[in-house]
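Listed after this line are the structures, all set down as structure tokens.
Both complexes below contain chain A, partnered by chain B and then by chain C.
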Partner chain A sequence: MTLLRVEGLVVAYRDPAGGERRAVDGVSFTLARGGALGIVGESGCGKSTLARALLAHGRPGSRFTAGQVLLDGTDILAATPAERTRLRGRRVALVPQNPLQALTPHLTIGAQLQEVLARHRGLRGTALRTAMLDLLAAMQIADPATLAARYPHEASGGQRQRVVIAAAVAGEPDLLVLDEPTTALDKSTEAQVLALVQAQQARTGCALVYVSHDLRTIAATCQEILVMHGGRVVERGTADEVLTSPREPYTRNLVGALPQLAPRPARQAPPLPLLEAQGLGFAYTRPRALPFLPRRPGPAALDAIGFTLAPGRTLGVVGESGSGKSTLGGLVCGLLAGHAGALRFDNAALGGAARHRPLALRRRVQMIFQDPAASLNPRHRVLDLVARAFTAYHALPAATARTRAEALLAGIGIGAELLRRMPGELSGGQQQRVAIARAFAAEPELVVCDEITSALDVTIQAQVLDVMRNMQRDRGVAYLFISHDLAVVSEMADDILVLHHGRIRALGPAAEVLGAPADAYTRALVAAFSSRRAAAPTPVPIPA
Partner chain B sequence: MPNAATAPLASATAHRPSRLLRALRRPTTGIATLAVVLHLLMAATAPLWVPHDTSAMLDSPLAPPGAEFWFGTDLLGRDYFSRIVSGGQVALLVAALGVAGALAIGTLIGLACGYLRGAADEAVGRLVDALMAIPEFLLISILVLAFGKSLPALAAVVALVYVAGVVRVVRARTIALAAQDFVRAAELRGEPRLATLLRELLPNLLPLLAVEAPVRISAAVLRISALSFLGLGISPPTPDWGLMVQEAMTVILTDPWLLLFPAAMLSSFVVAVNFAVDGFAAAYGLRGEAGA
Partner chain C sequence: MGATGLALRRLAASLLVLLLVSAVVYWGTAVLPGDALTAVLPMDVLQTISPEELARKRAELGIDRPHLVQFAEFLGRIAQLDFGRTTVTREAVLERIDHPLRNSLILAGLTAIAAPLAAIALAVASVLRPRGRLDATLTGGTLFAYSLPEFVTGNLLIILFAVLLPVAPAVIMLPTTAPSLDILGVIALPIATLILGGIAYQYRLLRAALIEALDSDYCERARLSGASEWRVVVRHALPAALVPMLSATAQFVSSLISGGIVIEFIFGFPGIGQELVQAISTRDIPSVQAIALFGASAVVLCNFAADLMILALDPRVRRRSHA
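Presenting the complex of A and B:
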């Protein structure tokens, strides 16, 4: 029985130039009661706009210019505002992308869920609180009462996402729209959240519309997949059809860009290490209990880590959030100071904050950050951002620095027409390339890459990894490559270091660590990834 | 959905002409902007074209509007039209100077506090709290009584009163900005703290200041007029809307137009500034940049 029927939907945004831009352009599909439909596409393809249209909600500046969204035969786009409000939460509910933004910062999690329950189920008093705790328990929260008393910022990413899902299913809707619900989560938390969503679907019999840029997660959750590109549906089919025999070139690209869990071929390791850690430890200080009391160290973020990294090679550092992998990167490049144990770079002690390190050392160790939108100053032009690195590290005169920056940027595909732009006027992939150029302007010997692809779409991710591989081949620079994504690390790394709660769980050549993990945690990590791969079998090669 | 801290402010500078035109094409923004421009032009050029000397007693007091004296004459027989046209000059000048001072000082303090934090930031924070706890009008009145009513003193008082608010707004925005990775990147380059403040952080505050400045100037004009009304601000015989309202109060029942003209000028300026700022802030994606 059909629950949802979308017919010829067009959503248009007003263009600054005066015209209109169609974000969703003539999309039609149906969804059966209790079914699951995946909508996949890169950022900007209109999938989020479509997701919101299913709640009869348009972003500011957008209009529904044509088509219908029929829920049980009634066009919700034609509904009055009051009817739409009644509809949302009870018939259709949204799980938004960023749970921290979706939750109110100044209310406890319990209070927010109670508000939703009171509204949808009309509960009061003790019954309301009990229902709220039951709801949290149904989200597989171990200690609902404790979490209910917390504020959103005090909860972990996985917990916040569970709370947002709880709020969405509180009204027992017929249709649950999930907009990139796991993009901000690490792989093992993601697997848990996906299992939870499926459990909720089984429990309440609601239908799912699952929007994501990640084909793997979609394939694990949905029977049917729509592939969107430029506001249109370019391909539809069952999950297996789309993944194993994609018809459209665009879909083949999307499938082909999926990273494989295939370790890069082993290379001969040069003898002398560039970076060496022995018994490396670090603990963040706790906040003062009272003003003027001395600060005390917290639990160890890194606990007796030892590894070596040879020049020109890549050490992949894998772990969940909170595993200490970013702490390690921070210590190496000087964002964090005060480690225990030994950390050596090119046979000399490395440590202390960047500002206390000599210029030559700062130049030789560079860092690329996760989110280029945050790591590039939004008020500086592309050319100036990179030229600044040339003046800062090589004391070049401004004109020479600009020429060098132009050449470097051109070498990684940032052409002259982009040089005068601000970072906000570039795509995510272009932004990250500018950030890469800025790091390489220093002519480093070691680059710390902290989750450099996790803010990017899969196709862009593949391009950025290509750029990184070419830079390494041409310049012989070593990478400390930090990521929660096993596949990305396996593509890049010669050796892999698996961190869990600040301790090493596995360390060795990539093929060994991924192929025959001796450690149970590493096995679970590889298994969590491979099970997703099983749902997404080997993609076909893209014909030239 | 980008949050306020990471929203690409840079996109505000893209397509500048079309954004400007788009803002002006909205009727409220267009009319408000025209009104602000006329007010500023009037204040800047009044001495060049007013028909009569603003302080010369030319006719009998309280002459009704007519061909010679368009708005009639005031209690002392001075041409009311010339005085109304000139009545915003001094208040606007004092407000602009005062707010410029408050923004310059407040931005530097707020930037330093928000980026460097520590004990000095705590101390400044408490001081700002203390300043803002005193009712603004009371604070202005006390300071005027202490420093006198000369124009530099008035401007200094305006600066002193508004600096606390600027420090607070700039500090809050700086804390959010300083948490971003482009500041980490500058630190890793070993940029001196001052360079990080001025090169990395200050440019990102400009949109905030662009909204803060006009809104605070219009508020300051209103405060100064209120002070003049109470006899604590601009001194006679300088033509000033606040003073004129005060003079008109004595004849409000017999000659109400004397009150109407300065009141209309004052409110049209304040309302126009706020509508114009609101329209531009929306067009440039700066809504929510300040307490606009």
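Presenting the complex of A and C:
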């Protein structure tokens, strides 16, 4: 029996030039009661706009210009505002994209869930509180009363995502729309959250529309998949069909770009380490208790870490948020200073803030950040950004610096037509390549890469990783490659270091760490990625 | 550290600021040529007194001791609200500034309550229909009111409500010694003038913060879980959006206490500003010291109160300050 029927839906945004841009352009599909439909596509394909249209909600500046969204045969786009408000949360509910931002910061978790329960179930007083605690318990929260009293920022990412799901299912809707519900989560948490959604579906028989850029997550949850590109549905089929025999070139490209949990082939390591840590520790300072009192150290962010990184090799650093992996990167680059233990670069002590390091040392150790939009000066042209690095580190005359910068940028796919643009006029992938070019303009020996692909779509991610591999092959530079994504790290790293709460849980050649992890946490991490790999098109056996 | 710990820390910091202000006030007058004795005695009398006599007198008054000791005593006296006597009329400073101070506090207190409430009401009305007719009128109107100097708004209000439509007195005819609550009957126009001048900035800060908050993921989630727009605005967007406005409100209110001089002159309002001008023109240093200290305390107190409110409104601040 059909629950949802979307017919020729068009959602258009006003663009500054006065025209209209169709974010959703003639999409049609049906969904049976209790069914699960996946919508996959990269950022900007219109999938989030489509998800909101299923709740008759248009983002500011958008309009429904054609088509219908029929819920049980009634067009909800034609409903009055009051009718739409009544429908939301009661018949259709949304689990939004970013659980870390989706809860009101100044209201306790309990208060926010009670608000939804009071509205949709008409509960008051003790009954309301009991229902709220039951709801949290149903989300497998160990201690509902404690979590209910907390503010969102006091809860972990996984807890917050469960609360957001709890708020969505509180009204027992017939249709649950999930918009990238796990993108912001660690992979092990993601698996738990997905299990929770499936349990909810089994319990209440609600239908799911699951929107994501992540083909694997979708395949694990949904029987049927729509692939969206440029506002249109370019391919549809069962999960198996789309993953194993994609028909459209766009889908093939999307499937091919998925990173595989497979270690890169082992290479002979040069004997002398380039970067070496022994008993490396770091603690952020607490704020002063009173003005002028000395600062005291907080808990250890890194606790007695030891590793070596040889020239031209890649050490992958994996961990969840709060594991200390960015702290490690910050210490190596000199963004943080004041470590305990020993940190050595090319057999000389490395440490202290970057501004106290000699220019030659700064040149040899470079960094690429997660968000190129924030790390590139928005008021400088692409060419100048890279040419400046040549001038600063190699004291080249301006004209030579520009020629070298042009050549470097051309080599990683930033053509002449982009050189005069500002960073804001580039796509995310292009910006990240400019950031890469700027780091390599210094001709470094070590590049610290901190989550450099986590803001990018999978196809762009594949391109950026390609660029990084080529640079390493051509220039013999070493990478300290930091990421929460084990699959991405496994594609890049010779050795892998797994961090958890500032301690090393595993360290060794990639094949060893991925294949036979001795440590339980590492095993769980590998399992979380492997379970999703089952749905991947060409499974690569993990070496034993 | 919990909210209480943070509040105590802010309190300690506030007290430290007050101590520094007192030190500045004390040494500011201590470095002036002459001392309490030469300031009190007229020049011709002074010349008839021998240096030994003066030294004996200084020892008697205790003003020959080290400055640190005297400063400690000064702190002890102001802790008991003993600011000494005025140089001209020899009455107790506290007695002289008592009534003007109360009047100013009533004026500032009522404005401090009314202005943010009015700003909240207007900003909420604005964002319920963003870019609607009301929003456009308010945004334009408050900017207009903001750009007018207080003496213009004040006189416009006098013309409107005291001359054309005589419902309020144009000039306040109250002796400074009238019972303090008498002032309430005639205070409407000064308050209206202050609100008109102060509300625009607070309204604009709040409206901008509300629009930003309403555009957030959490407000969208609340909306899509079926909450009415009113509920989204008041419960989900407003508390956090108040934070930037409150700092501006604190600054606005403390400026009322220490410097509502223009208003006091337009309306003949018997407040502390007039008293300050008079004290300065007669070189009445004890009065100036007392008023300066009250003004500084008002600034510190207002900011402390705003800090407490921000702590109460936004739990993330508690976290951020020890992250």
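Here is the rule we go by: the second predicted complex is superposed on the first by the 506 of 544 C-alpha atoms of A that agree within 3 Å, B and C clash if a C-alpha of one lies under 4 Å from a C-alpha of the other, contacts with A are read in each partner's own complex, and residues count from 1 in each chain.
As a convention for this text, contacts are C-beta pairs under 8 Å (C-beta built on N, C-alpha and C of every residue); 3 or more make two chains touch, one makes a residue touch a chain.
All values derive from a computational prediction rather than experimental measurement.
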Worksheet item: Since both structures carry chain A, what do chain B and chain C do when superposed there: clash or fit?
Response: clash
Discussion item. If we overlay the two complexes on their shared chain A, which of chain B and chain C does A:60 touch? Say first, second, both or neither.
Written reply: second
Worksheet item: Touch check for A:104: first (chain B), second (chain C), both, or neither?
Response: second
Discussion item. Just checking: does A:314 make contact with chain B only, chain C only, both, or neither of them? Give me first, second, both or neither.
Written reply: neither
Item to complete: Look at A:212 in the shared chain and tell me whether it touches chain B only, chain C only, both, or neither; answer first, second, both or neither.
Response: neither
Practice prompt. Go through the superposed model and pick first if A:357 touches only chain B, second if only chain C, both, or neither.
Written response: first
Worksheet entry | First (chain B), second (chain C), both or neither touched by A:94 | second
Practice prompt. Go through the superposed model and pick first if A:164 touches only chain B, second if only chain C, both, or neither.
Written response: second
Worksheet entry | Common ground on chain A, meaning residues reached by chain C in one complex and by chain B in the other | 97-98, 101
Worksheet item: Hey, which residues of chain C end up touching chain A in the complex?
Response: 9, 12-13, 16, 215-228, 235-236, 239-240, 313-316, 319, 321-322
Discussion item. For a test of understanding, state which residues of chain A touch chain C in their complex under the given definition.
Written reply: 52, 55, 57, 60, 85-90, 93-94, 96-98, 101-107, 115-116, 119-120, 151, 153-154, 164, 167-168, 170-171, 286-287, 289-291
Worksheet item: In their shared complex, at which residues does chain B touch chain A?
Response: 1-3, 6, 8-11, 13-15, 18-19, 22, 180-182, 184-191, 200, 203-204, 206
Worksheet item: Which positions of chain A touch chain B when the two form their complex?
Response: 16-17, 97-98, 101, 333-335, 353-355, 357, 359, 362, 366-367, 369-371, 373-380, 388-389, 392-393, 422-425, 438
